[in-house]
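Two complexes come next, and they have one chain in common, subunit A, joined by subunit B in the first and subunit C in the second.
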Partner chain A sequence: MADIEIEIDGNVVNAKAGEMLIAVTDREGISVPRFCYHKKLSIAANCRMCLVDVEGAPKPQPACSTPIADGMKIHTQNEKAKASQKAVMEFLLINHPLDCPICDQGGECELQDVAMDYGSDVSRFTEGKRIVADSDIGALIQTDMTRCIHCTRCVRFGAEVAGIMEMGGTGRGEDMKIEPFLEEGIQSELSGNMIDVCPVGALTSKPFRYELRSWQMNAVSNIARHDLVGSSIYTQTYKGKVKRIVAKDNESVNETWISDRDRFSYEGLSHENRLLAPQIKVEGKWQEVEWNVALDFALRGLANNVFNARQADQLGALASNTATLEEFHLLQKILREVGSENIDHRLNIKDLNNAISLESNIKLAGLEGVDHALVIGSNLRLEQPMISHRLRKANLSGASVDVINAMAFDFNYRLNSENIIPPHQTAATLAGVLKSVLQSAQAEIPEYLSDIEVSDVATQLANKLSDSDNSVIVLGEHVINNPQASSIANLINEIAQQTNSTTLNLSASGNSTAANLSCFVPGKGGLDVNAMLAADLKAYILLDVYPQYDFHNSVQAVESLSNDDTFVISLNSFKDDAVAQYSNVLLPIASFYETSGSHVNVEGKVQSFSAAVNAPSDAKPAWKVLKVLADLLELPGFHYADSTQVTTEVMHQSHKQHVHDESIDVKVKRGINIIWQKSPYAVDVLSRHAASLQATKIGQINSASMNKATAKKLEVTQDDKYLGVPVVVSESVANNCVFVNSNHSTGGQS
Partner chain B sequence: MISTKAKKQIDAWVAKYPEGRQSSAVMEALKIVQAENDNSLTSDSIQAVADYLDMPGIAAAEVATFYENYNHKPVGKYTIRFCHNISCMLNGADDLIAHLEKKIGVKTGDVTPDGLVNVKKVECLGACVGAPMFQIGDQYYENLTADKIDEIVDGLK
Partner chain C sequence: MINNIKKLVKDFSLSELRGGMKITAKELINKKITVQYPEERTPISPRFRGLHALRRYPNGEERCIACKLCEAVCPANAITIESEARDDGTRRTTQYDIDLFKCIFCGFCEEACPVDAIVETQIFDYAFVDSREGSIIDKAHLLEVGDKNEKVINQTKLEDAKYR
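After this line comes the complex of A and B, so read on.
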């Protein structure tokens, strides 16, 4: 678009032809009031608040929907503009209640602010005001629809961004209401953003209701650590407590949106299950003690079980994927300093010799620009909401998306093809895709593909990838325990290279990229998690591990850790019965937002954050606990004044390339395959303790889905439980496959 | 929820629009489904139309609640659609509606116990020249008076 010059309030401004006037004034810092306009939503021009005077136009024009043209002269402040804005303001206030003193939006309300500037101090409206009944739309959003000014931002957000139109404007004229159609509650995983876009107090945060005024709180920039994105957020705190979380603009990561999981998980911080004081187990009984007593006890335990006998290889360290980059680094450094390589964070993987190794070589923002995507093994929308949103944007601008899943999921855009394939055929299908790609490129077919028959599906998937200029292959979490997981990743890598596609590895969760960056994996001669548990090591240091949720085989894990001669030091943020059973020392640590540190997202972007609040009671940030532990062990090189020095150290250390198995096995394995996936709101300890999240539809997902034939084979029916999870019989699941969405781990049965 | 016959009728409307724009037929589809269900729509039938046209339920509900041609409560055999906009109002529509309600014994929106008649206030029907007026079926009745209304209502069977 050509550069043109326009004149705003007497100043010459450069802009692009066709831009909307309000985009230009926003860029130039000229204030134009608005309610319905939002930079990320379509233009509705229904509130009329942004009327400005355009020379030559008979009537004032809405700045949000007036495309600019060369030589245009605009007045935003003259009498005509001001008079129209004031008139619109008066109309908007006609039906708006004067309940600011009891409204949660008070103090951060766009209507309140604009009314201060443009409203009259006396209302001429003496007639009765409109009252609108509220609808209950779920556990996260409070509605006060009498306050609604019909800007339709929430409606457009649903239809355009969330991809499920849930709110709508029913009725008309004075009877128009913004409401959901059926009172089933809002289902979207991004619904909380409606609170942010609502310019008035009609949609506010339910868990935050009547808590505080926005000006009473401190806002601290932070990073949400629940997924592979690391969305930017503000943690709003009051008297040392996190009271609310809102989205922070970060165009290259989360734009202006955050997922509900990132927004509402903070509720878990004040859960009664928080571990608040150090405890030691003496003769089978737990005692609350001072930190120095607990640390002393821990050291003696380590000395007795490991160091006195010079058996450093009897010490293991395990961490969950919620730890920070610094915590991973310090814990592995301690282990390596004392001479142990038994370090692992991949607790949910059944067989680490069959682990996925696939690099991500596309930026989050780049996902919007792809013209084709092949998604394998992911319920993308619920597992990685912001990544799904980017892909949806690509799809809306023309990209096609093919899916290979073991079950049909709800994608909020139109798929080019959805291929429901049993897990044990995934590798064979991808082998078919690779063969087809090679065949059409007339390349040599390697030995391992010789027996592969190329199915029509494989040909179609292959052609799509070959024909696209900018395609991406996305590997999801459902594949981690596939009997051919490693081969699947290697096949994807091959296909990507042959078709010039990028790859995106979403198979691990949380802050696992940081764990890999800080080498929190076994080194030479070290044991992986399963080998450690099988070897019944004599001592462990565990970082925020919760066996029923984190381990693939929780039964084996608890059993091994509970051995009488095993000494377990647990750094935990929450209390847990199993942890209490096997631990000898419990050290309370800070949870999310209570510690400084860094998150590394899937594109490798390191995002550091500071603590928004102090950890409650006696709990301490884990990086400090680990540093003190290292000092007490008299290990060299742990003189850190703050966590940023740790960050610098990690970033400067050489990152070892992990050796990985490049073999590919494409044989179809027989038998029933179970995919065990944590429920979307049970991915980590904090979200599991967030009451409002758990009360939503997504929070209550807990099912073992299988088709009729599989149910018959397993001899279960709709009313039964399978592996402790309620059975749902549905033909949307691939044959010979059980898809489990549960808030606890398998117990090793899959 | 939607009969095969109705689906055929809806398909004929869908065919008038470009492919992928089937939701453009929502108004006709709602009309067809309403006609099939004693001239009124329920949440379920609106959802059924939305599902059939592959659009969000709320989007169909927006249309169904915007236009007065759609009924959301049971209606009688005859619906008297009484205009209450400016010309009719200035010519005494409000008094005549009160008279009509008294005459049939039920309020606007309710159906007479015998299921014969109900009254619905509607927006301008474009017959201001004959205000006050109402419409029954396809027929306009203009220049209404209390006596004339009595006569018309008595003639309904």
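After this line comes the complex of A and C, so read on.
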């Protein structure tokens, strides 16, 4: 588009032809009041607040829907503009209640701000004000619909961004109401953003209701660590407590949205289950002690079990993948300094010889620009909401999306094809795709593909990939327990190379990219997690591990860790019975937002953050605990003044490439295949303790889905439980496959 | 010289003493103006800003809605409020403390209050019995002051209303 010149309030401004006027004024810092306009939503032009005077136009024009043209002369502040804005304001305030003192939006309300500038101090409206009945729309959003000014931002957000139109306007004129269409309220995984877009106090945060006024809090920039995106957020704190989380604009990561998991998980921080004081187990009984006593006890335990016998290889370290980059680095450094390579964070993987090795070589923002995507084994919307949103944007602008899943999931956009394939056939299907790609490129077919029959589905998937210029293959989380996981990853790699596609590996979760970056994996001669547990090591250092959620086989893990001659040092942020059972020392550590550190997202972007609040009571940031532990062990090279020095050290160390198995096995395995996955709001310890998240429909997902034939084979019915999870019989699941979304781990039964 | 003589005469004739005695004699007969505090009190303006009180509506419901505007406007940061949604869903304070050592009795809290909950009464003769902690008056105390003096508060506010 051509550059043109327009005149705003007498100043010449350069702009692109066809841009909306409000975009130009926003860029130039000229204030134009608005309610319905939002930079990320479509233009509705229904609030009429942004009326400005355009020379030559008979009436004032709404800035949000007036495309600019060369030579246009605009007045935003002259009498005509001001008079029309004032008139609109008066109409908007007719039905708006004067309850600012009890409104949670008070102090950060767009209507309040604009009314200060454009409102009149006396109302000419003497008739009765309109009152709208509220409906309960869920555990996260509080409604006060009398305050609604019908800007329809929430409606447009639902339809355009969340992808589910849950809110809508019904009725006309005086009777118009914004309300959810269904009784069950708002179920979207991005619903909290409606609170942010609402310009008035009609939609506010339910957990935060009536707690504080906006001016009482300090906002600290932070990074949400619940998924592979690392959304930018503001943690709003008051008297040393996190009271609310709102989205922070970061165009390259989360645009201006965040998921509900990022927004509401903070509630867990003040849960009564927080571990607040160091404890040691003496003769089977827990005692609360001072830090120095606990650390002494830990050192003596390590000395007795490991160092005195000169058996450093009897020490293991395990960490959950929510730890920060610095914590991973310090823990692996301690282990390597004392001479042990038994380090691992991949606790939920059944067979680590079968580890997935797939690079992500696409930027998050780049996902919007793809013209085709192949998603393999993922319920994207619930697992990685922000990545799903990017892909949805691509889809809306024309990209096609193919899916290979073991079960039909809700995608909030139209799929090109949804292929329900049991997990044990995934490798074979992908092999078919590869073969088809190679055939059409008339390339040599490697031997392992010789027996593969290319199905129609495979041909179609292959053609789509070959035909697109900018395609991406997304590997989701469901693959981790697939017996052919490494083959699947290798096949994807091959296909991507042959079709010039990019890849996105979403099979890990939380901060596991940071774990890999800091080499928190077994080195040469080291044992992986399953080998450690099988070898019954004499001592462990565990970082925020909760066995019944984190381990693939929690029963075996607890059993192995509970051995009488095993000394376990647990650094935990929350109390947990299983942890108490096997640990000898419990060291309370800071949770999310209470420690400084770094998150590494799926594209490899390192985002550092500082602590928003101090950890409660005696809890300390884990990186400090690990540093002190290292000092007490008299290890060299642990002189850090703050966590940023650790970050610098990690970034400067050489990153070893992992050697991985490149063999590909495409044989179809027999038997029932189980995909075991944590429920979306049970992925980490903080969200598990967030009461409001757990009260949502997504938070209560706990089901083992299978089709009728599988149920018959397993001899279960709708009322039974399968491996402790309620059975749901649904024909949307592939044959011979059970898809489990659970809030606990398998317990070793699969 | 002449001045010295004049002074000498004045001193010896006790004229100043007589002048003083004259006033004493006059005041002996005049009406007394001494106020026998605390039995008697001087009149106080309805705008007088003394000890704070929290008021209730006639039906017994506390007026304060925890909007925290008084807390925000207080130039001395003397007010501390914590709030929650009460069981019936209304917005209420769980804590309302005023530190009278910090308070400068400017009356901004009263001006800011949208529901006339916090007021400054005409009470000025309160005392802190137990040092620092005693200077912080809590919600129960403030409501008690309000309950005891509601009649007077109502009267003074009415008197002042026409000038606002």
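Throughout what follows, the second predicted complex is superposed on the first by the 750 of 750 C-alpha atoms of A that agree within 3 Å, B and C clash if a C-alpha of one lies under 4 Å from a C-alpha of the other, contacts with A are read in each partner's own complex, and residues count from 1 in each chain.
Basically, contacts are C-beta pairs under 8 Å (C-beta built on N, C-alpha and C of every residue); 3 or more make two chains touch, one makes a residue touch a chain.
Remember, it's a predicted structure, so these values are computed and weren't measured experimentally.
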item	value
Contacts of A:L635 with subunit B and subunit C, given as first, second, both or neither	neither
Partner chain in contact with A:I164 - subunit B first, subunit C second, else both or neither	first
Subunit B versus subunit C as contact partner of A:I102, first or second or both or neither	second
Touched partner set for A:Y210, first subunit B, second subunit C, both or neither	second
Subunit B versus subunit C as contact partner of A:A695, first or second or both or neither	neither
First (subunit B), second (subunit C), both or neither touched by A:V220	neither
Intersection of subunit A interface sets (partners subunit B, subunit C)	none
Subunit B to subunit A touching residues, read off their complex	43, 46-47, 56-59, 61-62, 65-66
Contact footprint of subunit C on subunit A as seen in their complex	100-102, 106, 209-213, 215-216
Residues of subunit A touching subunit B in the complex	159, 164-172, 180-182
Contact footprint of subunit A on subunit C as seen in their complex	65-69, 72, 83-85, 90-91, 114-115
